[in-house]
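What follows is a group of structures, each given as structure tokens.
Each of the next two complexes has chain A plus one more chain, namely chain B in the first and chain C in the second.
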Partner chain A sequence: MTTATDQSPMALSITGATKHYASGFTLDDITFDLPSGYIMGLIGPNGAGKSTLIKLILNMIHRDAGEIHVLGLDNIADEEIVKENLGVVFDSSYFIETWTVNKVEQAMAPMYLAWDHAAFDGYLTRFGLDRKKRVKELSRGMQMKLMLAVALSHDAKLLVLDEPTSGLDVLARDELMDILQNYIADGERSVLFSTHITADLERAADFITYITRGKLYFTGPKDEFEESFRLVKGGPDDLAPDVKGVAVGIHRYETGFDALVRAEDLGKIAGLKAGEGRHWTAPLTAEPASIDDIIRLTNTSDAAYAMEVA
Partner chain B sequence: MKLIISSVSGEPIYEQIKNQIRASVLNGELKAGEALPSLRKLAKELRISVLTVTRAYNELADEGVVQNIQGKGTFVMDKGNELMRNQLESQARASLAEAVCAAKAVDIPLADLETMLAEEYQKDVAS
Partner chain C sequence: MIGIRRAFELDVRRITSQGVFSIVALLIGFPAVIILLGSISGGVSYMPGAAIGGVSAMLALLPLNTFTFEQQGQNNWMNGVIPVRRIHQVIGRYLVVGACALILALEVAVCVGAGMLFESGTIQFSGLIISVLAAVVMYALLESVLLPLCYRFTYQKALLTMMLICIGLGAAIAAVFALLAKLTPAAIDALISWTVSLTETMSGAGMIWLALGGVVLAAAAAVVSLFVSLHIYLAKEF
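Coming up: the complex of A and B.
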């Protein structure tokens, strides 16, 4: 679609990443690239494997197979340089609770060659973080901002955020998205962002990687993701075999149904034959599917279990 | 240049950008040779994906509305260029086809449709 992405080096490149847990869960053969200068949303229902994948990138858990490169460097062999270039935000604070904000800086600064005291100070002011406050006295949103301030103050080239917006109000989420868009504006820095609040992604994310049940379902430009599906709707008696045949997932309710269909399969549905956009004469309607629709309907009991990379 | 993004219109964001920039070029608000805002700047200001803006600009370039110059930016093309003319012609035809389809669905006779067309044509340039 665009030539811009072809020329950029990869901020993150994951090939065949696999992790087996004794519990039976497997993160299975995940492969995708994030070009430099873009925001990628990592999505999927709870338990899909998003956090496992992030832990693999950060080398926090043992990888059973595959390769992970950050800015072209192996995330294990070159772990120190990789960590220097990574900024990380988790869904809950990783600082000692009794530390003051000031102590957080004292503890974190020596870990990074490029620690920028002035930048950190600037973020504290911007976020309204008081150096004397203890971590445990900060609200959830403030703790996230403190992690973000650390992540942004050592010239990291890739930010990895694991559910940073869970539990945040709309203002804090909005501010975060604003910061992330500023962060990537120079075209050299990138963001990998796992979330189940897809409203955060609808506008600002460039790429989507969707994993479910431990497998990769889609990776690519967000627009392509949304456009590759349509939501077909109709009354309870309109659920014809041709719809069932091509539906990726179906949600039935008393007065009708929603069926998620790949855009290229729309032509196979007779009930839409009056044509998309002129459906006042057809029994079924087809409309664009949101990210939430896609996640919801690819995880219903009706959803086709055999999943493949789109 | 005015650019407003609606998140409830159902129209894809890249289409909204395309339509508004194309309209600004057609009504003369954007002049030939003028530079569009840089991709990343516009994405940041509108809080949308860089790829969405990239797509809008690329498709406008395919239509001959703007031109991408590697390393310099995106510039408005002269309105009269052939590519843009052809695009607008086929767009006019596609819209007419849709109008005909709607008219047939409710049995509006050709003569009435022609009257409607003439009325629309006489109106001031659509905003």
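Coming up: the complex of A and C.
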């Protein structure tokens, strides 16, 4: 994190959060901070533990170890104050299907001290939500917008969104990202959102927390995440031991391979050194790694084994 | 207190999700129609009982609707979103049951009172109070068992479990009586005659004490039920 953000109060602070399931899955010792005024993308493959982490924040499941603080308050001891300040959007609607949009407001307004009817009304207009429509008559995207309208209408300081863009078309996703960026503009509000769609992260996220197999792989500024890895590519015969030795994940295919390598380990690959202005053709190339590349290659069987060993 | 009020309000919203009118119509219209028909047809003596039975069944199921709605879609996630502690959510739901018990008391009073009026032209208040208390006690005992079951299991499984409990209790009582009849037939006769004589000799005041004892029993059951539900729900994950 930067010095500037270190001085801001933490919107969300998670320290050593651990959750064991009888199935064998463990969300293991997750630690990260989200400063106020920023958007954090929570990423990872299916089953990585993103939703588990969000449920831990919301005290919907019980943690086995660790601490979670929202705006400096313990999420369990100060649950009511914490949730007054949380806006939540899930990937599917949590409202009763037979409720109309109007009934949703009637049910949710008394839940919050700072409910803002005018703001809710404004979001309904902006999102094209008809008050008379029942929740079950709304598309998945519109249901998400309804949850978002509720989340944005009670002066929440932290938005927690679990896969909010999964049911949205590109225009709606774009609009959502605009809303989130406007939402944090005053520097006092923050957003944590989990997603599979990395284009959303490119557009909106300041920070990234990457979880895979229940373990924290990276947390920090988005640019740092992308810059800390390189994608090394080569032919089928170029996968030398030095590449294997430093690669955090390798994907082999008929015409060659992709290896994800930490930027600081690039110098340890001989085939790449040859490419730096020497006379013979380098067998390997190193390219910037996209977020998708990082997720893809840190979840290969090689990477899984390396994580287990680590 | 704010949390409990919020939980109560949300549960009322859940119960009335299909519309308030149908519930009000059933709770007021149904007994009114039954009693009216009874008074017209001359079957007054049993009509209030029928009305009370119908209303009791409706009110027994009404608070349980909250569980069915929570099971629909992801509505139980709402419990994790709203700024209400789990303990307050449970207390709020028990308050809904309490409110239903009050409505039941009112309905029974009206139905029985109407029945008395149609039949004899006067209202016997001791009889009226006993009827009301008996209905409320039975209702409280039933809900005290059903609510923890609904917190523990799905709604369908909770009802099934309740049915099995009732069948099991009935079978156990029948077995005890059958055994007594086989081993000591005189004991059965003695028990029946004791019950009959107790009923005949008990004065109005005695009956009220008996009813109040029932109220204490129901209150104790409700408190135990609340603690069991809290124990289950506080450990629950959704």
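Just so it is clear, the second predicted complex is superposed on the first by the 293 of 310 C-alpha atoms of A that agree within 3 Å, B and C clash if a C-alpha of one lies under 4 Å from a C-alpha of the other, contacts with A are read in each partner's own complex, and residues count from 1 in each chain.
By our rule, a contact is a pair of C-beta atoms (placed from the backbone, for glycine too) under 8 Å apart; a residue touches a chain by one contact, two chains touch by 3 or more.
Every value quoted in this text rests on a predicted model; they were computed, and no experiment measured them.
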item: Partner chain in contact with A:Y38 - chain B first, chain C second, else both or neither; value: first
item: Chain B versus chain C as contact partner of A:N59, first or second or both or neither; value: second
item: Which superposed partner A:K103 touches (first chain B, second chain C, both, neither); value: second
item: Which of chain B and chain C A:S153 touches, first, second, both or neither; value: neither
item: First (chain B), second (chain C), both or neither touched by A:E79; value: second
item: Contact residues of chain A, present in both the chain B and the chain C interface; value: none
item: Parts of chain A lying in touch with chain B, wherever the complex brings them together; value: 1-2, 4-5, 37-39, 177-178, 181-182, 184-187, 202-207, 221-223, 227, 275, 277-278, 280-281, 287-288
item: Contact set on chain B toward chain A in their complex; value: 7, 10, 12-14, 39-41, 43-44, 47-52, 54-55, 58, 98, 101-102, 105
item: Chain A to chain C touching residues, read off their complex; value: 55, 58-62, 79-84, 86, 88, 90, 92-99, 103, 106-108, 110-112
item: In the complex, chain C residues that touch chain A; value: 2-3, 5-6, 9-10, 13-14, 17-18, 69, 72-85, 235, 237-238
